[in-house]
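Listed next: structures, encoded as structure tokens.
Each of the next two complexes has chain A plus one more chain, namely chain B in the first and chain C in the second.
After this line comes the complex of A and B, so read on.
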């Protein structure tokens, strides 16, 4: 009976997701017909001229999320190693509860903190690079790094605690130091769980809207000539989420093509975050198997 | 040498944990510090 209910709810969940994707695909058909592949590869977005290229926004979302992950991952995994391997049970739970509470801070509060502190810090720190303002892709990335830190710490801690204690004890009995047991036993065994933690954190970073919206600068059509250059990080940009959160979404509803372009951005975002979440969840499940 | 490496790993990960908790708790403190002066009975009513 339980198995039947489990199947039923799985089918309902999948059908809901398929329905959602179907609506997004259906609503975005006009823009795919109008732009074709250049909807994804085009660099210009001028809705009055009926020109819709989403590449600068895809670039913004991907770059901001990757930089956030690069900044947060070492700190988060390091903190998780300390809580899982060094702290006794009491303090470990205290730190974990504190960090999990902070994961629940609304993202708009992080956005306000970004405006309050981060924008000015970034502007002052990179003053030699002639910044136009503190609203940059880097500001959004640093803010996102802080936001995904609790996710990385808590999931990495879970992954490390899932490694059987007997293996640590065996390693210590063989003469390994605690650091050697961590580096050669715990971390390699928890690598799938750690990868899942990073993927799920990146999924959160890609989908984050309001905090990014407040500090990214929201400048359209800012696709750098050299995609791998670091300089564009110090310029304003636009992400998929900040575009979708802007007033253009309301404006676009009146025009079928413009609306389709907006919904198309939602579809791209859905595919990106969905892929990361599914990948992260499946890697995590394999790590528990 | 192994003892030093052991100590180093412990120190680095401890520092990471301290920084992580420090950043997150610091942000809450900043919100409280900057937001508290605005809070008063007329503000709510």
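After this line comes the complex of A and C, so read on.
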């Protein structure tokens, strides 16, 4: 009986997902017909001229998330080492609950904090670089780093706790210091769980909308000539989510092609976050096998 | 293709209508100011159930009215023939409740640096990226940080109508975009060398400053009430309440209130011109 029900609900969940993806694909057909592959590779988005290239937004989403991860990963994993390896059980749980509470703060609150503090800080801090305004890809990335930090800490903490205590005792018995045991035994053994934590956190960063929307500047077509240069981080940009949150969703609704282009962005976003989540989940699963 | 969505939306709406039937309003943040306050009064005095929202600005108001998601739209631009063609089944009726002017606002450093007015040609050059420094228009050396109102906003439409004749004729540009009036004002106030379009009523003269327009004959016209009423100031726009056909029921109550002396005082309170100021 239980088995039948679990099958039933699995099928319902899968069907919902398939239905969702199906609608996104179906609704975005006109733009694929109109642009072909240049919908993904094109660098210009001018909707009144029926030109739809999503590359600058894909660039924005990817760059903002990667920078957020680079900023948050050392902090998050470091904090997890502290909670998992150094704190006794009581304080550890208290800290963990507090950090998980942070993960539940609505993103618009982070966005407002970003407007209140972060934008002005970045604007003042990087003044020598002659910023045009405080709305930059970097501002969004720093804000996202704060937002994904709790995810990284709590998942990394779980991963480290999953390393058997016997391993640590054996390491200590062999004369390793506590730091060496963490560095050479616990962290390497937890690496799959740690990678999963980072991938899932990045999935969250890519999908985050409102906080990014408020501080990224929403400037279309700002694709830098050199993709790896750091200077563009100090300019305004557009991410997939900030575009989807803009007034264009309302404008596009009446026009099949424009609407398809908007839905297409949703599809790209779905694929990106979906891939990161599936990757993260599968890495995590094999870690316990 | 969007029929399925419309159908679902209509279903949801009729289900809602069956139990409570609030008067739903959506549209321009500019028109929203007096309307939201009128709604507040009507809720208290006549126990009316009114929901006011500003998703997507005027364009959002028109499309949500057209799709039947709201009963009343708010728009700070006339409904174009194109918009009407999108919703052939809906007879959109405009009710004029006041007038607003669009100001070109700058941050304190630009105003203090000596830029008090621009010509249409200079504004065009800035919009098309030929002028990127304030020193080229009589100011101190500082890059122009132009925040463009996002498309669909009434403010943006008034601006491009004046500069280019129609939104279609406006060149496609990619500047950082701003949405509502509050966001625009705060961003301009907090950024050196900033310029943007904003409802004149929001230009407080403390944090952000409204530029005058230098006409062809050299005179400078500031967005004062008098200049707007006499149409001397070229960047102004009407405030409309939109309904499907003749307003009826709760929508009519709201519109009658907005047109009454009390309602018109609300229009004035938020910095717009009353209908009688325009005569």
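In this text, the second predicted complex is superposed on the first by the 289 of 289 C-alpha atoms of A that agree within 3 Å, B and C clash if a C-alpha of one lies under 4 Å from a C-alpha of the other, contacts with A are read in each partner's own complex, and residues count from 1 in each chain.
Just so it is clear, a residue touches a chain if its C-beta (ideal position, glycine included) is under 8 Å from a C-beta of that chain, and two chains touch if they have at least 3 such contacts.
Keep in mind that what you see is a predicted model, and the values were worked out from it rather than measured.
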{"item": "Which superposed partner A:149 touches (first chain B, second chain C, both, neither)", "value": "first"}
{"item": "Which superposed partner A:109 touches (first chain B, second chain C, both, neither)", "value": "first"}
{"item": "Touching partner for A:46 - first (chain B), second (chain C), both, neither", "value": "second"}
{"item": "Chain B versus chain C as contact partner of A:38, first or second or both or neither", "value": "neither"}
{"item": "Touched partner set for A:277, first chain B, second chain C, both or neither", "value": "neither"}
{"item": "Intersection of chain A interface sets (partners chain B, chain C)", "value": "none"}
{"item": "Residue ranges of chain A touching chain C (in the complex, touch as defined)", "value": "26-27, 46-49, 115, 119-120, 123, 130, 132-135, 217-222, 236, 246-251, 253-254, 256, 259"}
{"item": "Interface residues, chain B side, partner chain A - complex", "value": "2-3, 5-6, 8-10, 12-17, 19-21, 23-25, 27-28, 30-31, 34"}
{"item": "Residues of chain C defined as touching chain A within the complex", "value": "1-2, 55-57, 59-60, 63-64, 66-67, 86, 143, 145, 147, 150-153, 167-168, 172, 174-179, 186-187, 190-191, 193-194"}
{"item": "Interfacial residue positions of chain A with respect to chain B in the complex", "value": "74-79, 81-83, 85-87, 95, 98-99, 102, 105, 109-110, 112-113, 116-117, 146, 149-150, 153, 177-180, 182-183"}
